[in-house]
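Each of the next two complexes has subunit A plus one more chain, namely subunit B in the first and subunit C in the second.
After this line comes the complex of A and B, so read on.
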């Protein structure tokens, strides 16, 4: 009689797909909007690389390396937006309207139940686009006779694993933000926060390491809200802008950061639930 | 052992006191005044297995808060409670598998999808085997006569149809305890009646324990033998429906069918006449005076038929509510007078 988490998840995925398909113009429009945002993003950096041939001096972030980084960000973003963005917002809304009541009644982990009900399939194309960009740039990089990089199955497995870590960290940040709605009564800043935060994780960390202010930002987004490290580690595994060996501590730290974020977010979530007052019926 | 055992349960909220006006709102940013609201105040109650109990009370009396405490949605400020041997707000899965809460004003079904999809989701959440799920679902949809609506998106259902689907969604896992918060609110008379009949039949066959809140006296008189009146967060009365009538209605309604219009003469001047439709007259008489009054009238007038009945339940309950409010007011005054 135990709940089947996999079956519940698959039902969520299926129901979301059926729902998305019944509003197909909305679905197409969402796909179109997110894909065009990605393409504009791509063009912007293409233009920037007409003026320079690397970001910073001796950082190794040349055009192809950087586009691997960018593709990785798109993949992480797409995963977050597909699986969690609508749900985190939905959670906020459930608190405000009191429909969280029903989630609390169900004999299944509440955090699981509020984390997955809506899967936004329209955000998937963005991730596929990201993957194409990664593969295309990687191929260009490997054909470049000046570069010596080695990509084998191990690198690909690590890449997938660290993208997973990235998703976990971003998810945790989002759940913590959404949980604050229980005390604030209303928190419609989720999207805005998300935008601000992702603004900082979208670049290789070397760009921060030049000045005091930059280092402060780097420290904040590495150790306090560890989003920078989880975007950088997977991209580096494939792009290898520098000699290997430099990212050992970061790779270990990324795993720790992912685990710690998850634990903290779970704690905040549970603590928030204990303060839940439910809305009037 | 009682299924539900509540001891000295209280829940109070701190509510922000917002004053009118922009200046007051700006002040409110820096300094806020709060008021303590006792939604539920020291309630004790026991419910045995198989009982169908009605919670009755004016809006804001604490009925819904009590149901939310019992279903573990919110934590109490003080007191203890056990349902089926579990503390509800620990939210153990063993407990959550055995009860259900239906709220007439809230919606737990997926709005854009057919109800069947929401049922399927509940099947997996409650871990119900396919065979048992199909059987229970078919039984329930058949009983409530909604089988043909299963594949229609919920947003396209009428309120009554949706409420039936909500009930089915809540009953798929065969809960032992059922909390119903105004399940018939906003429904037309026929839909109300159908849901009442269904609940009655369901409770009789399953012998589960049900707590119901409703503002419709029809619901209560059709379903519940025991009525708990809650007012101002406190239990004001706990007993059978008949006891309530005895306690809160001081009079009876007498209807006389006179032999002819002439026999009515003199009766129109009785105190407490409700209506006169010659040759019929209807009036209120104090309970203890019924015999004497009727004796006097029969001696002087020509009467064809007599009906003596209790006043409508709505009136009785209204007088119970106002009694409760009165009592609370006087209690408050005593407290205020005794404090320095």
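After this line comes the complex of A and C, so read on.
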């Protein structure tokens, strides 16, 4: 018996939409909240760029380039929060309350079942805002006569592809974090922990590439938890700081990182499930 | 029912009231000590964003240095990092997690009734609890804080400030605690009029984050064409994070510093009065049924 994964997914999406729409005021409020946090971040960098013309010497992250980077981050974040954040938290909660039993009994892949049931539509506007920021900054960059920048369909396809890779990596990190609740009993700090980790991928990696601690951070977040490449690679494809586009070893590495983290997260998830012993009764 | 409070409270001597508050204080202390392990790790984690700030500003100051300058709006690189560290301290005093929503919940589910029939003042009791929580927090957080500040000692270019400045700094920290408390409890008390204050709390949080100097020193704000900085300096939010840090780093000095302290004290007084009026008015409006 093979369930249609697409149909199940669409049902999840529809149910979530119905649910969001029944608390409309709350929905609008959540949209407003996430958009305003993003705008505040924007404001911070707008102010920083009043006082400097790039982040890092010779890194090429001038204002327009950097806002393409920022927009890319918003898009990835929005996708993660729309599809996975609530679900990862739900998963931790299921482990704590023991309702994971019911998920295990259903004739469908458990990881799929716990990864998608709740789609948080209110986080979509943030991604659209990110996309607008990317397009707006890209236009400004192309009108800048000093910059040589070439954006064709290939770059856009690669951009979308690498954003996909980024989402895969972030999803894997999140599932691994959530799976730890099986051993830790409860993982209330998932959200906080997530905030602290993502804190490192929000900046161009060049800022870490000096001094010992910086290189250690760069290495950790490139090779152990590969979150730096997922934000930097797609942003570089469009922003092209230093005329360096997608041709870089990191572009190849990002594909590998996405595949590897998916495999590892799958393995951790299965391993965690095998130590699951239900709660109560 | 609302008539009950003033009568009941008057009949208590100062000694008796002090004893009630002491009990609340002890209970709150014990409550907090239970989670001390979680706490220490949580406090250390709190400095992780500072780590990225250090690298971000390093990269920015490298660019600034190229144009022959060593500071942005009077902040050298060390000052900038020290500023973020000091803001963490100020925020440890002024942030009141769960205060607004706690008050709103008590009003909504009727728990607030217990303060109407018992001879205990709600705000007084919340304040005592908050002091207890904060004291435990500082007690436990001292270790991680000391570690981080020791590691970052070189960012404090001018070293420890003079005794005078230190005293003003500590005074501003105590005032920032009171300001945070009374400001947030005033927002919580709005729930006597609107049952749902989540959106208001959110707006407050946003304003706080943006205008208190939590994200960047207020000196970075533009003064022309519109004087944004002047406007932000006029609001009470800057005393929640910016002011204590700026005093410590010598960015506000002399008469300016004392003037700031006096304005901070006036804001505290203002919010004490506002929240008292709101409480008295709110209780008059309030009606509770059943048990």
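The rule is short, and it goes like this: the second predicted complex is superposed on the first by the 276 of 281 C-alpha atoms of A that agree within 3 Å, B and C clash if a C-alpha of one lies under 4 Å from a C-alpha of the other, contacts with A are read in each partner's own complex, and residues count from 1 in each chain.
Everything below uses one rule, namely that a residue touches a chain if its C-beta (ideal position, glycine included) is under 8 Å from a C-beta of that chain, and two chains touch if they have at least 3 such contacts.
This one's a predicted model, so the numbers in the text were calculated from it and none came from an experiment.
With subunit A as the common reference, subunit B sits beside subunit C without any clash.
In the overlay built on the shared chain, the residue A:108 is in contact with subunit B alone; subunit C does not reach it.
Contacts of A:3 after superposition on the shared chain: subunit B is touched, whereas subunit C is not.
In the superposition on chain A, contact is made by A:40 with subunit C only, not with subunit B.
When both complexes are overlaid on chain A, the residue A:248 reaches neither subunit B nor subunit C.
With both structures placed on the common chain, the touch criterion links A:206 to subunit C but leaves subunit B unconnected. In the superposed three-chain arrangement, the CA centre of subunit A forms the vertex of an angle with the CA centres of subunit B and subunit C, and that angle is 90 degrees when rounded to a multiple of 10.
Look at A:56: by the touch rule set out above, it reaches subunit C but stays clear of subunit B.
The overlay of the two complexes leaves subunit B and subunit C separated by a minimum Cα distance of 7 Å. Shared contact residues of subunit A, touching subunit B in one structure and subunit C in the other, are absent. For subunit A in complex with subunit B, the touching residues are 1-4, 7-8, 11-12, 15, 18-19, 22-23, 98-99, 101-102, 104-108, 110, 113, 274, 276-278, 280-281.
For subunit A in complex with subunit C, the touching residues are 29, 33, 36-37, 40, 43-44, 47-48, 50-57, 59, 189, 192-193, 196, 199-200, 202-203, 206-208, 210, 214, 217. Contact residues on subunit C toward subunit A in their complex (touch as defined above): 42, 45, 48-49, 51-52, 55-56, 58-60, 62-64, 66, 72-73, 198-199, 202, 206, 209-210, 215-216, 220-222.
Residues of subunit B that touch subunit A in their complex: 13, 64, 68, 71-75, 91, 93-94, 96-97, 99-101, 103, 105-108, 110, 112-113, 117, 120-121, 124-128, 153, 181-182.
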